[in-house]
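I've put the structures underneath this note.
Next come two complexes built around subunit A: one with subunit B, the other with subunit C.
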Partner chain A sequence: MIRRNCLATACLAATLAFAASARAEDITIGAHMPLTGSLARSGQAFNEGMQVALRVFNESQSKHRIKVTVIDDESQPAKAVTAVEKLSSDGAAAIIGGYGSNIVGPASDTSNRLGKVYITGGAVSDELVQRGNKNFFRINNNAGYQRGVEGLIEEVKPNGVSIIASTKEAPMLLAKGLEESLAKKGYKVTLHPFDPAITDFKPIINKVKLQDKSEIIFMSAYENDYVGIIRAAKVLKPPVKAIVGAWSLATPKMYSDFPDLMQNVIGTTFLPFPVEVKDEEGRKFAAVYKEMFGKEIEYASTLAFVETMVLSEALARSADAGTLKSGGLLAEMKTTNRPSPLGRITFNEVGDNPNFALSMGQHRDGKIPLVSPAEFATGKLAYPAVPW
Partner chain B sequence: MRSLPALLILAVAIAVPIAFGGNSYVMGLMVSALIVAGVALAWALLGNLGGMVSFGHAAFFGVGAYTSAILSAKFGLPVPLALLAGACGAALCSIVMLPALRLSGPYFALAILAYAHIFKILATEATSITGGSAGFQRFPPLPTVLGLDLSSRVGSYGLLVVLVALCAAIYLAVKRSHVGTALRAMAESEDATRVVGVNATLLKAWMLLLSAFITGLFGAMNAHIINFLEPDYAFSASWSILPIIAAIFGGYRTILGPVAGAVLIYLFDQIIAKELLPVGHEILLGVLLAGMILIAPNGLFGMFQRKATKGAAHAAA
Partner chain C sequence: MLELLQQSLFSGLLVGSVYALVALGIALTFGAMKIINLAHGELVLLAAYMAYVIESRTGWNPYAAIPLAFALTGIVSVVIYLLIERIREHRELNSLILTFAIGIILTNAILLVFASDVRSTGSPFLQDAVSFGPVYAMKGEITAFIISLAVMAGLWWWLKNSWYGRAVRAVSSNRDAAKLMGIDPRRVELAAFIVAGILASVAGVALYTMSVVQPALGPGLTIKAFIVAVLAGVGSIPGVFCAALLLGVTEAMTVTLASSALQELVGMVLFLLVLFFMPNGLFGARARRG
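Let's look at the complex of A and B:
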């Protein structure tokens, strides 16, 4: 009798397990990331954040299982376009975009043409939300970065700011926005645009040292440029009090790759390092990230985590409503309104997240405390303090 | 029998949209491959008939792309005319390269490479016209002609097939003309042809102009297909290197070799190599090219031609 009961229980358990797995709906999404090429450092971090988000989402419920197909866009716009076409042909329900406005622009255009929802956390150009692409969503924007840097400048009140900016679209947008806003507030601002092909920054640093005599160098550029600028500054030692930068600078990876250059450098970020996460979702993200990749979460991986969670939830809502195959995802994306490790996420009529805001973190002996704004600070700003 | 490869390629070209017309990924790959094919054809024309090896075709490609995009977006020129203007712009830019014709071999190749870099810097610095490094978007796509939307993948593919075929026909016509005979003789011995009264510099200049015109045309086409331009992309070294690889793989001394080489190389890289090695797939491309050069130094079509010639000789014996 007992044996028969055990058998029946086992059969029932197996049936239920099968039924549960049969109910779980597989949804495939596509992603193009710069896993190689000039933006590979950010692309790898984005990919990691996305993988963690999918695991967290899939483990949080049993109704939907979301899988991702990732294609390396090699940091090239044309390869990103081809990647979107392949992902769409393979049946991806939506596309997670890569990094860099010049890549996200044509890729999201293609996605829009194919009628696929496209979300990114790696492109800040204003033009992206002015095209009228109804399928385009992004969680970050130039305004958030600008607010973060302006706040720091207002706190330290330097005699002048030298902005060294790549002529690429996003860095120049941020540089010009800052130049205008800081000049209005009475700061002396000098803009030094540079060609992205430049690797020797000594002539620009010499100008900062001999002509500008500013107390702050602000770099609006990308990782390789930061390294070149700081290296040149370390050689020429201009009389500045701080070196500040934008995206992808205040990250543990930058410190581990260039420990001799990063000490005291300040950059935009969301979280301090070692990570101190206050919300439940952030703590879960940090724990799974550490388990999967053996390191702490960082700036780019957090952006990817949030964009993937937002998309996954919208996909699930759309699938629940039975509208996934009839274009319901777009409507679900528009209703997004959730807290996240980056703050609240909502989308306005052009797909932008108006709540995006950043803090400033400072490299300090391998740690990155938040030093501005004061209400989020986890450490005191070292000022004056330079990498040399 | 001699036109068999051409007929075969034509049959494949017609079969592709029938079989894959609904698959935008495959059609997108074919479109990209045909762009490379056009540039490879232009590069081979310069190398085969002009006897010049160029590492700077990216200059013509980028100038053609920017000329067409700017004229159509800022001056409202209809896209078909803008495409032609793009090709003419590239040909015009080759005029400033004419002094390099005094050089030969690796010196010419390096001089052209330097010119390509100059044009890239010009595109970056002329921000008010080109948008600089920020890039240039929002220019009109290919138009709809006789009900066929040329901006669709199938439409772009069809137009590119026609353009590649036209350029191949021009190449063939030049090759078979007296000019072609003089050019081939010049490739063997430039001094000897000068002695018999051939103006070698003028002929080389014409070939450079023609090669630049064709490259510019495909650069312009690519711009209107992808609808995005930035100096790093438009003047990317890959627009110089990939066509060379394709032409050598297919057989740069033949007319169809560069076309077939471009399609095969591009599809191999994107469909097979990228699948096997998602990161660093170019390694497989390098291995394939090295193997091809070792097995058949004259390329794929060179190998077929040799086999066909041998077969004909055996049959005659």
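Let's look at the complex of A and C:
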């Protein structure tokens, strides 16, 4: 009887020990995103991409289960700082950052002070990587966008470029970088900064038409501005040969919402539409995204997917090495070297991804072929070609 | 240069007419109750989204949404009034906090229902260009301008000739004296709020047809409307129209002669200068005497 009890106890202990070892280890990360406020559209896309990444990662292995606590920063820097403090005090192992350099800046400073790794795909200001924050990582940067646009301009060699740029930090940074670089290359460049509160772009477009007489309008702005600028251009019809923009322009969403304005417009992107994902991870992302949200992957959600995958893998490596609670995550982030739907991801000594580069896509009857640079092109550039 | 200035002047007048439509509602409730409805921009936004719903679901002209927009903004206006009416102490100050909170609730409700995407009319007619000599505009802008003029005239007529209009002016001028004359201030204030809702519904639909709307737009509209109402001075309908046109033209001229980056700054400088030299606004004193 005693022997039988001992055997049963041993079996139970072995079963419990096996169950414990087989159970996934829970790791909680924190995220602050602008789910409401002026940046809500981008914030929601980022949230979607992050949720898909966590599901893909958790399904890809059974050893670690990564959960996320999301706080809405309401597109406000002060709320983002509070969110990072709350997430950290609640035990988040790392922070996934929000959108907008003016928000990510103070939030990542706070994260750095609290000793938490902070990763973002939504802030391109150069200043962010010049602060010496050792815990800061990002997968995209201003240089990547600038390279994409410059490449296109070098291909078509216009007589001049009119840059219409929002005075918000990131658009202005891109606009000034492009202005300086193109001027050095001998192009005639005119910068028209505009207040984000502007509702009528006709006075600016009229200056482009009557004074600049440029062949390209480049818009460094956001979706609502693009609509206003192109609509004003359709009314005044300046003699330009192409309308080019930065982020969130060459997306299927913009075409489906504003088909009459988008035809022939060119914007930065990394995937053509219909989506042709060449790598396995990208295909998986696209499939799960469609299943969860009923739509095709887009620009902002892809950035969030990649940043979340990078962080999740580093967390898993650190947990495997038993260094997660002793600061090992930082070292694991620095060793990141992986392909992704955005290209290869590595981090330099200041936490920036030096490989980030974008192609240019052109809206064409609901499709968005990549038209520049030539080595990634999936279609021929229509030039001159404008929406009217 | 002349061509640039002509286009700026024209664009400024068209934008100013929409500022006027948005500002009229705030001016009316401020005049009647001395209350600044900080949720007025969100009411306008609500109407703009009704225009989007009607256009995207039925393919009709967005202006067909005005009755639906009015029904919704009217109901919300009545709710706002009933809440304000319950404030017993420091109504001017506490109503600011209350309407600010209602604005936040409305913004987030719009965000939940319509998501954060930018919306604007897809009507080819409203987007078509129309030229008047050297100046150009969208047909949607011209339509909004004409509607703005008509609404302004209608409101002026209502305030001057209808019993309720005169009662609003009486309550605005002296609430206690109006009571002694047999006017029920609560009914009059409610009427003012409902009329402000009508104005918000027209303004929202006009905004949708000539610009871009998104959930975060509300507070900006309220601020712009407040600036126009203060520039005009309390109680002057033509004053609101003139102040709105002045602001629109000043902003457009700043874009042409200097930079768009300065347009908000120049608008605020104009606002401060008027407050400094004419504390009653450009038309305030004259209107009160009338």
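Please note the rule applied: the second predicted complex is superposed on the first by the 367 of 388 C-alpha atoms of A that agree within 3 Å, B and C clash if a C-alpha of one lies under 4 Å from a C-alpha of the other, contacts with A are read in each partner's own complex, and residues count from 1 in each chain.
By our rule, contacts are C-beta pairs under 8 Å (C-beta built on N, C-alpha and C of every residue); 3 or more make two chains touch, one makes a residue touch a chain.
Fair warning: this is a prediction, and the values are worked out from it, not measured in the lab.
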Combined model on subunit A where subunit B meets subunit C, clash or fit: clash
Partner chain(s) touched by A:K86 [first = subunit B, second = subunit C, both, neither]: first
Subunit B versus subunit C as contact partner of A:E223, first or second or both or neither: second
Touched subunit A residues, subunit B compared with subunit C: C
A:T36 touches, of subunit B and subunit C: first, second, both or neither? both
Subunit B versus subunit C as contact partner of A:T167, first or second or both or neither: both
Which of subunit B and subunit C A:Q76 touches, first, second, both or neither: first
Touched partner set for A:N102, first subunit B, second subunit C, both or neither: first
Touched partner set for A:K234, first subunit B, second subunit C, both or neither: second
Touched partner set for A:D260, first subunit B, second subunit C, both or neither: second
Touching partner for A:T199 - first (subunit B), second (subunit C), both, neither: second
Subunit C clash site on subunit B (candidates 40-48, 76-84, 184-192 or 292-300): 292-300
Footprint overlap on subunit A, comparing subunit B with subunit C: 36, 167, 195, 197
In the complex, subunit B residues that touch subunit A: 23-26, 28-29, 32, 120-121, 124-125, 127, 132-135, 137-138, 153, 226-228, 230, 232-233, 236, 270, 274, 278-280
Residues of subunit A defined as touching subunit B within the complex: 35-36, 71-72, 76-78, 81-82, 85-86, 88-90, 102, 105-106, 109, 114, 127, 131, 166-169, 172, 195-197
Sites on subunit C touched by subunit A in the complex: 3-4, 7-8, 11, 14-15, 18, 107-108, 111, 115-120, 122, 124, 127, 129, 136-138, 211-212, 214-216, 220, 252, 255-256, 259-264
Subunit A to subunit C touching residues, read off their complex: 36-38, 40-41, 43-44, 75, 167, 192-195, 197-200, 202-204, 206-207, 210-211, 223-224, 227-228, 231, 234-237, 253, 257-260
